[in-house]
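Some structures are shown below for you to check.
Two complexes are shown next, each including chain A; its partner changes from chain B in the first to chain C in the second.
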Partner chain A sequence: MSDVILLLPFAALILINVLPRATRPAAWAIAAVVLAAQMAAVIVPPYWAFLDTIEKTVGFSLKLDRLTQLLVPTAGLAGLAAILVAQAGTATARTKLLFVNLLLIAIIGISGISMVQDLFTMYVFIEVTSVAAVILVVLRDGELSFEGAWKYLLLSAIASVLMLASLGMFLLTAGGVSFEEAASALSAGGAEAWVAAALFLSGLFLKSAMVPFHGWLADAYSEAPPAVSVFLAGIVTKASGVFALMRLAPAAFNGSGPGAMILLVVGAATAVVGAFLSLTQTDVKRMLAYSSISQMGYIVMALGGQPALALAAAAVHFFNHTVSKAQLFTNAAALERQLGTRDMDRMGGIGSRMPVTAGTSAVASLSVAGLPPLAGFWSKLLIVIALWRAGHVVFAVIAVLTSLVTLAYFLSLQRRVFFGTTPAEWSGIREAAIGYTLPALVLAAITVAVGLGFPFLLPILLGGGA
Partner chain B sequence: MIVITIVLVVMVLAALWASLTTLLLRATIALALTSAMLAVVMYSLGATFAAVLELSVCAGLISVVFVSVISLTQRRPFKDYVTRRLSRMRRFWPLPLVLVAIGVALSFVHTPVHIVLPLPNGDGDVRTVMWTLRQMDLFGQILILLAGVFGVLVFFKKDTSDGK
Partner chain C sequence: MSTYTFLLPIAIPVAAGILTLLVPARARLAVSLLAVVATAAQLASAIWIFPMDGALSVAWLGYGIEASFRLTRFSAFIVVAIAGFSFLVTLYSTASMSKAPSTKPFFAWMLITAGLACGAVLADNLVLLVVFLGALLLTQFGMIAAGARRPYAVAIKAVVIVGLSDMCLMLGIMMAAHLAGTLSMSAMKLSLDGMGGIAFLLMAIGALGKAGAMPFHSWIPDAAREAPLPFMAILPASIEKLLGIYLLARVSLDLFTLVPGSWVSLTLMVIGAVTIVLAVMMALVQKDYKRLLSYHAISQVGYMVLGIGTALPIGIVGGIFHMINHAMYKSTLFLSGGAVERQAGTTDLSKLGGLARSMPVTAVCFIVAAASISGVPPFNGFFSKEMVYDAALESGWVFYAAALLGSLLTAASFLKLGHAAFFGRRAEPASGGTVPAVREAPLPMLVPMIVLAGLCVLFGVVNRIPLDGLIGPAVGAAVTGGRSFAGFPASQMLVGFTAAALLLAILNHWYGARRTGHGLGAVDHIHHAIFLEPVYSVAEQGRLDPYFIGRWVIGGISAALYAVDRAIDWVYETLAVTVAQGISRVGRRLHNGSVNRYVLWSLAGAAAVVITAALVLGGSR
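Right after this comes the complex of A and B.
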């Protein structure tokens, strides 16, 4: 099944470029169907005979596990939301086609990251995702988007150098770059293996915009086209940085030792710095970008918690944050489309003009802030428990206090944008098109449903590990 | 040993040239020279296939791709070029010094390395390695190339569609 999950979007990529020119406007629909099929295939694997034939013919060394079942559907949700926003908000057919092509390449990269079994192939698929993401940022003309993409490219290149150096060291010290070989070299305790692990971790910290490597992310997210922001913020940086950490950290550090402490310190610093930077923003997309940095800090911090809970907590927060952030960037895209600005100081009273955008935005904001009974509450609770049980009381307190700062900046966003008196210049504003409201509604419904149904989901999560 | 030392020095100088020049074409030539020197080092260390790949792909194919893309760009006015060159020199003049300092510092490190190089997987045939053992990586590289093609379309082709 794993090969098919990778080859499905690849087939779509070829198909939309070889079909007659007249059919190209339907490229988004083909991509949407493929993403839906990929999600279904991961959650409910079909056992058709011809799929086995493909597996035997191709024979990639991939493994479909519970983390794959987390990442591929999550990426699919963010991808579907981005496709709908692009359909509603992208001006030209050519840009739409380029967007779909690059999105599919990034999705293949993300799917690869979720199933690979060695560090070098993981590096290759992280690069696939990053290269596609950098080009997606430049889909919007203008110096600022070039600047955002340039910073992204530069830091990605530095991350690549660190990871390649690490791979070289693993080859020398562990005799190979498979996860098992790397883990056994680390458990043997050789200094070279730990230097190699530190280099790989540093590369992943850069890719996931951990403090102090966070500067590029706000520029890339805020200056990218709206649909690209939905996709980037929703899944791309999480998959190429944080998810890779989730895949590697439990095997490498097992919740203790200097590795776990690095995760805790870097995660806590990122959560706090991201939250305080969010407080000071006036651009709605920049605020959401810094909020994203903060929440990724939570996920990394969770990985340093009690081993039995750490991965489940990180996985649930990964899913919740992806859904909520993809939705908040969809809301931001709707606001930018209807108002022509992202400056929150110029907004006010938009809630009465755009009720769906306002309502769904409130749901996602409160969920990210960790208010019960929404999905974000449960994942933050799990993170705090995982930290507390591991004896990291200080980090558990930091997680709770940072959540209050998160609530503060999201309440500020809601008040400045949706509440109060509507300025005269926005009196004629109406709700955004269905391309914006439909994904926002679906994602908000998922946030509510996961929140309400979490007590039933928890035993499944803990029963098999995430 | 003398030949390898000369090759390494040329490689570092070429890499510096690639970083400091303000002309894309010269940077491409410098990068190709860096790769060619690296290929010589690889060959002398017995990594024949790696040397061949480095020479053909990094020094050859990638240079061709770079030159093709550069041909799509517009040349800057000479005055602009001179200004940028001076500004670049001012910004990056410490780079060679830093490089020399790192080299000198490393020469004082006498840590004995007791690492035994692992045997290559499989039968060591480059075809087995590329097409059987590392086929996932090849697939990933094809995707990066495809992303690059779309990148050229995004960066260099003006949008002439009617906005529908």
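Right after this comes the complex of A and C.
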């Protein structure tokens, strides 16, 4: 079954490229349908039996579980939003086709990450995702800008080296690279096993842009085309870094010991540094990029908390943040499209001109800052409780205080961009096209719905979150 | 007669007051007529219900809070007195207010005040009492504001001071109710030890605040300067004294049992003695008719508080007797002041003089009332003061000395006032020209004065009427022990001392008037005595006024708290923002886009993670 989930986007990829040229303008629609089908396949159980019969013919060591059910639909949402933005914001047919192709490749990688059960397969799928992502960053209509992509590529390469070295050490010391083998080697307490684990962790930290491995992210995010930013910030970095940690941490560290402490320290440092760096940015996308770093720090920090609750907290925050950040980058894309700039110092009073963008941006901002009753409030609350229950009071306090800084920079963004009087320069500005507003509205609606319905969702989450 | 009959003295004036508010302001005659008729009806109903006994209880808020009223000998007596004063002062006001720009608000507030005051007297539930007192606070504000030139400062001051004492009363009521388990005044009987003593003092403060004893007095002289004169005659001179002393007597006699020699008794006596002496000292040096009277309105409360505070039968009866006497002569005095103000156009004593010839009726009434307040036999004030002296001497010679000193200075100040206003020669106006002719006040103003002055004589000469007919039954045989205090004072010695004090006052006046050549300067040698002058000058500037000291202290606290608040605000608004932005800027400078730097950071981070993992593990092994 899990293979089918993997093969669906692969099939789509082949399909859009072998069909006659005349069908290429519809490639985005095929990709969108495939994504929807994939999401449905993961969520709706009746398909599973059907899929299982197909799986028996092929044999990967993949497993579909609740984390898969979290990641694939989340990735699907971000992917759909990115496709819509790309359709609205990309000029040439060739670029559109390339975008859909690369997006599907990345989705294959992400789908794989969602189901892996061993370190080597995880590494492979992370690399698949990263290759597609690096190319996406340079995918512009006209001029080419390599700096962001170059940094991304270089640091990804370092991550690859670290992870490969780790894999070698695990093969030597633990005799295998499956999660069980790695976990038993770690609990046996071999120093070599721990060094190997630390190397793999460092690789994942690099992929997820934890401090101090975060240098590449802001450049890559802000230089990427608008649609790519939505996809990249929404899911790619999270899937190949944070989600991999979510898969690995409970299996390998079981939420305690030095592994947990490393996660706590790195996560807290990331949350704090990212938030402070956001505070004085003037570029909308850069501010959102640092905000992403900060929020991913939260998720990693949560993983160091009380095991049962930690994974649920991390999973919910993962989902909420993907939805909100994909939406904020969609808003940023709309702003860049309509105004031709991302410089917040030049903006002001845009809210009366672009009410949908302004309103949805407010919802997402407040959610990420953790204001009740929006979705982000609940997940931050869960994170704080998970940390508190595990006895990490200091980290719980850091989590709460950092959300103050988060609120500060989001309010500052909202005020500088949307509030106040409209300068003459922007008096002719109109609301962005439906390709921008529809995803923004849908994602904001999800944020509100999850927030209001959270008390009903919580028992389901805790029932099988871990 | 229904069970509600005895509530008529409350209902009639309140209804009339509300009706007055509906009458057009231009119909001044209708307003005056309505007020006179309503207060006459109130008086008639009060006299009608006087011999009755009544009790009424209606479920109200629950938790023992009921709308319960009770008519007793005591409350009936006070209700008649309140209704009588309301009627006389209203009658007087119809003439004295004839030059005021608007009379409607004043009469409306006054009618409602008269009704609410009866309500407070008839209330048997302590919460109901507080409700009436609170409402009186509002009408008092309205009355001051309706006529004053700078209304709000004084009106607010009065509300703050009386409100503060009402708050003490509420605290006391809460404690008493907790101790007694009931809010009914007629069912309450507490001892004075421990918490009971504190509850008593708090309730007594409420009563004293109403009566205007020190230190709750300072709004009265200000009101005398600003508020319309009938206000002074009706509230600080009569109704508030009646209410406050009634309350003090009820608290001391019924709710608690005040024991002679107890610490609360001593506290009350000290308050009384201090009030007598300090207020009369201030009265002595006043140069304005109304202001001088207002300080006496404070000073005389001291006698009542001292009398009741002794807890001796003669003191209690004397204190209550003094209360009703004071209401009479002080109203007369204020009304005479109002007549002078209206006819001569000023109450500044330095511009008055020789009015006895042109205003003979007013002058006679003034002399009767002044003799009464100074304690000259056979007027009523003499008899009540002698009773208080008797009780004071028994409690301690200091208290007697203070009371006697107060008497002496009272006499001296009224000699000065009478001399300056009604005798001597009127001063030429500073602008030159002749002194304008002054005529006697109109009849509606004279009648109340004559009636009250007559009562002063009656209650003195035939003091059986008030003592055996009103006060004896009011306080009951439990207090009097069946004794009668009527007739001439028993102690020849005390009368002798009183006579000596009066003589001394006359001598002092003769000396002072001769020294300066006019009546107004009769006490200048006291005013400007070496050790008193600086004290007087500070007091005259209001710097000893507890209200302003309180405001100064509160202002200081407020300023200090504001400074703290600003400091905290600075931490949030400036410090936190500056620090956060500083950190952010440093971070931005470190992120200069150099890929070498980012690679270096990453490798260092990876090294740190690996080393940490290895070291931590090494430690745990």
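Everything below uses one rule, namely that the second predicted complex is superposed on the first by the 452 of 466 C-alpha atoms of A that agree within 3 Å, B and C clash if a C-alpha of one lies under 4 Å from a C-alpha of the other, contacts with A are read in each partner's own complex, and residues count from 1 in each chain.
We adopt the following convention: contacts are C-beta pairs under 8 Å (C-beta built on N, C-alpha and C of every residue); 3 or more make two chains touch, one makes a residue touch a chain.
Because the structure is a prediction, the values reported are computed rather than measured.
Chemist: With both complexes overlaid on chain A, does A:W150 touch chain B (first), chain C (second), both or neither?
Modeler: Touch status of A:W150: second partner only.
Chemist: State whether A:F213 touches chain B only (first), chain C only (second), both chains, or neither.
Modeler: second
Chemist: On the A-aligned overlay, A:T280 touches which partner chain: chain B = first, chain C = second, or both, or neither?
Modeler: second
Chemist: Quick check for you: in the superposed arrangement, does A:V400 touch first (chain B), second (chain C), both or neither?
Modeler: neither
Chemist: Once the structures are superposed on A, label A:I158 by its partner contacts, choosing first (chain B), second (chain C), both or neither.
Modeler: second
Chemist: State whether A:L201 touches chain B only (first), chain C only (second), both chains, or neither.
Modeler: second
Chemist: Using the superposition on chain A described above, determine whether A:M261 touches chain B (first), chain C (second), both, or neither.
Modeler: In the superposition, A:M261 touches chain C alone.
Chemist: In the superposed arrangement, which partner chain does A:L438 touch: chain B (first), chain C (second), both, or neither?
Modeler: Neither partner.
Chemist: From the superposed pair, tell me which chain A residues show up as contacts to chain B and also as contacts to chain C.
Modeler: Of chain A, no residue contacts chain B in one complex and chain C in the other.
Chemist: Please give the residue numbers of chain A that touch chain B in the complex, ascending.
Modeler: Its residues touching chain B are 6, 10, 13, 59-62, 91-95, 98, 101-102, 105, 108-109, 112, 116, 120-121, 124-125, 127-128, 131-132, 134-135, 138-139, 171-173, 175-176, 192.
Chemist: For chain A, which residues count as touching chain C in their complex?
Modeler: Counting only chain A, the residues touching chain C are 147, 150-151, 154-155, 158, 162, 189, 191, 194-195, 197-199, 201-202, 205-206, 210-213, 215-216, 218-219, 257-259, 261-262, 266, 273, 276-281, 405, 408.
Chemist: Note which residues of chain C are touching chain A in the complex, please.
Modeler: Per the touch definition, chain C meets chain A at residues 580-581, 583-585, 587-588, 591, 593, 595, 597-599, 601-606, 609-610, 612-614, 616-618, 620-621.
Chemist: So in the complex, the part of chain B that touches chain A is made up of which residues?
Modeler: 115, 117-118, 121, 134-137, 139-141, 143-144, 146-148, 150-151, 153-155, 159, 161-164
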